[in-house]
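Before anything else, here's the structure in question.
A, B and C are the chain letters, set down in written order, and residue numbers restart from 1 in every chain.
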Amino acid sequence: MFPLNQWYAAGFAWELQDKPLARTLLNHPIVMFRTDSGEVAALEDRCCHRSVPLSCGSLDGGGIRCGYHGLLYAPSGLCIEIPGQLKIPGKARVGAYPAMLRNEVIWIWFGDQPGSEPSGPPPEVAAHDNPRYRYKGGAFHYKAPYQLIHDNLLDLSHVGYVHGKTIGGNPKVHMAAPTTVSGEGEQVRVVRWMKASQPPATYTAAWPFKGLVDRWQEIDFHVSHLNIFTGAVDAGSDALDDPQRGGFHMRGFHGITPETDTSSHYFWTMASCAHPDQPDNAELVYRQTELTFEEDRVLIEAQYRNMLQFGDATMIDIHVDAGANRARRIIAAQIALRTPAAAPGME
Amino acid sequence: MFPLNQWYAAGFAWELQDKPLARTLLNHPIVMFRTDSGEVAALEDRCCHRSVPLSCGSLDGGGIRCGYHGLLYAPSGLCIEIPGQLKIPGKARVGAYPAMLRNEVIWIWFGDQPGSEPSGPPPEVAAHDNPRYRYKGGAFHYKAPYQLIHDNLLDLSHVGYVHGKTIGGNPKVHMAAPTTVSGEGEQVRVVRWMKASQPPATYTAAWPFKGLVDRWQEIDFHVSHLNIFTGAVDAGSDALDDPQRGGFHMRGFHGITPETDTSSHYFWTMASCAHPDQPDNAELVYRQTELTFEEDRVLIEAQYRNMLQFGDATMIDIHVDAGANRARRIIAAQIALRTPAAAPGME
Amino acid sequence: MFPLNQWYAAGFAWELQDKPLARTLLNHPIVMFRTDSGEVAALEDRCCHRSVPLSCGSLDGGGIRCGYHGLLYAPSGLCIEIPGQLKIPGKARVGAYPAMLRNEVIWIWFGDQPGSEPSGPPPEVAAHDNPRYRYKGGAFHYKAPYQLIHDNLLDLSHVGYVHGKTIGGNPKVHMAAPTTVSGEGEQVRVVRWMKASQPPATYTAAWPFKGLVDRWQEIDFHVSHLNIFTGAVDAGSDALDDPQRGGFHMRGFHGITPETDTSSHYFWTMASCAHPDQPDNAELVYRQTELTFEEDRVLIEAQYRNMLQFGDATMIDIHVDAGANRARRIIAAQIALRTPAAAPGME
């Protein structure tokens, strides 16, 4: 089960071209396409006639036409043409889901009641529209449930062990760095500072640091996505808690959307600021981030396969788990709200 | 469950070479081979000693020899030699099924009772032995149950949407063409005429039509196979219901044989007549037919995966479904005959 | 279920390099590595923190370090370092299994009680340390349960049918050869002589026989492995039961270790003696043996798939099954010892 009263990332605006875009999201096979008005439509990916995926069809006049017998559907899910037949039965329709584009991210809402309306607009990913930043992103597919990816992102102490060649740096510095975990409502915030530390490979490739750096990691967890701001200034040159601090900034967006109970989509972008001497560093940062996320995917998929192998073997907690455990409690509470308590006398 | 008192296509004569031919048919793993008398034998594909597939062995003296310890079986399924052992136990035998060659098609009979005899000879595929026609065929494997292929073949209105580049033509002409559905007993006949229509790409490539054509599609459904005759004459040059009509003829044989409950074999041939100016058009017609059937396979497999995804989501019927629905009723009735009614008081 | 009070082969010494070695053995995912003292350690392949396979980590100071958050484990399975955390919880440990190297084979012991000690040293594979022999080996993975491999090795009558191009020879000579089956305790011995027979292809390639040969096959089955000695002398030149007989000798080691209930590891070596005129025949013998074992794998995997297809279809026994059936009874008895009898009145 998943929290349902959430906007979930479903893809990126640039994926909506002249073909339907098909993805399974929260166990629902969905077809997405851009309508004539430039908005995005998200329908059940199934023709109501013989269950052929609508995504095997084609876009036609702002709607989508089935590739088997040509039934045409409006963005509302209503069938508006059955070739060769005048009367269209009332049942000729498929489910439609609220979907919106914001900052080039496609967001979709399932809701915990049929037809329930979103509680507000989709989340903002401000760096996408901030002229100081350039960004690029992609989508990873994980053969692992979504919360294992949360665990990974809420504890950046792993970067020293897993990402030594790119954004890592000395692992023991990470593990010993002062870390604060806070948060309210459905959010968790984890902040870690590593002062006067050696900059990792990606940082020195992208920015002309003079030597040691003061480095920050700021993780903001929301139920369906995380924003992670990392960066560094030359050691001692700026206060780490100054919102106007200079230096090198990476602003990651991480939309973690369950595909099924056991698999996930990971929609991500990485935005970075350029130094005047290195105006084209964004591509380098993107490439190294992609490599890094691939390292995570390999590890987390191995972790999940191993969890299945070992069944309910006990796990122990260590100091780095505080943020991840808090996020798990938030999700468990959301799911419990939807689960009717067992009646007295029932098991 | 499948109708069992039927001859099912199991392959083609040209597949019976110097090696055993193995296929699972109606959930039975079967090994086929040509006997010394030129007939075909069809045995359970399992040595009675240690269950190795007989199809891993070799043909020997009109029988088949297991590749593990050399047990030799006659076409009757009887073990007739155990190397190094004089006595052959009475249980040393495997199941044998009635099988016959006719018009180069291999046919097999399972029957609804052990040892039941076929009710008659296997079906004729007359075009295979008609000197006016040249033909060629092949076998497709479908990850989809057999009745989805029936649905497809009994409703050729799909050709405009699925096969636009070959045998299709204008989709809306297909959907609007007058169609008659008839049939008696275990047969269904669907006939559609498209007068004064644009000939599709395959037709113009294979035959020197002058312009618009009068086109026919005649589908004859039998429980285990379909014969589909299509073709066209120059518009107005011949009556469409004249058995002696001229023009371009395609005569398709479609043996749809369940492999398992969820997968199928599709044995097909396409025969066509040659125009004096294009004596070699048969190869072109065959190639384009193969391409066409591959398009169907991709679509139907996607349809079946989607049906599994969506479970028992409702489907609606449209005008083109009349023939397919009649065929489904015939098969349901055959299966119901074999299914004992629940006793009163039982669920 | 498997016999547990046995040393099982787990690999070879040469596989223990600078990376962890991961294998599932008797349903247990295991990581192996060489310790500082040159011994082998075998641990549960799972970090106790978040279940990541330890085999994704690295060897460090004689122990193994998890590749996610850096927890370090000693060869005993005890966690001895959690980076960034002073206190190590008592539960921070993983299971360790008795493991030993002998004659370059890695052996592991599971035992039928937690913590049970091995009943003695692991088996000897004497040919590995016999200067008259040169040997080489490998590991095959089988998608089939282990006892089907026992059946195969305990009945070498199959070599004529399956391995005609290498170690086979005339199949009917094999099937008719006098064979004795004996054994005591948990061992089975099958001996077969083929006097004055044509030497098979591998023999003539490796040894300058003058013509016909007197040939022997001596199979010694133990619950977890087999030693199979085969060879030949020029016909009439030596007594076949003389331990000092000359000629060409092949000494095979076959460690058959269940991976899971339905898959197996096959660790094997082949040692052979060299003729003065053909000092380098060992590589040829190894290559042809590998080819031969691959033929067995293909056949046995087909056999197992077929057994699953046909469910509980009856099998008949023939004369060659005596040794294999005796081995199956030994294993059934070992497993029965561990299985509590059903209480009276229970099914």
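Just so we're on the same page, a residue touches a chain if its C-beta (ideal position, glycine included) is under 8 Å from a C-beta of that chain, and two chains touch if they have at least 3 such contacts.
What you are looking at is a predicted structure, and each value in this text was computed from that prediction instead of being measured.
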Copy pair chain A, chain C: interface residue numbering same or different (half cut): different
Rotation, 0 to 180 degrees and nearest 5, that superposes chain B on copy chain C via CA atoms: 120
Whole-Å separation of chain centres (CA-atom averages), chain A against chain C: 47
Where chain C touches two or more other chains at once, by residue number: none
In the complex with chain C, residue positions of chain B that touch it: 24, 29, 45-46, 48-53, 56, 66-71, 82-85, 89, 91-92
Chain B partner contacts - residues on chain C that touch it in the complex: 151, 155, 157-158, 160-162, 171-172, 174-176, 299, 302-303, 306-307, 309-310, 313-320
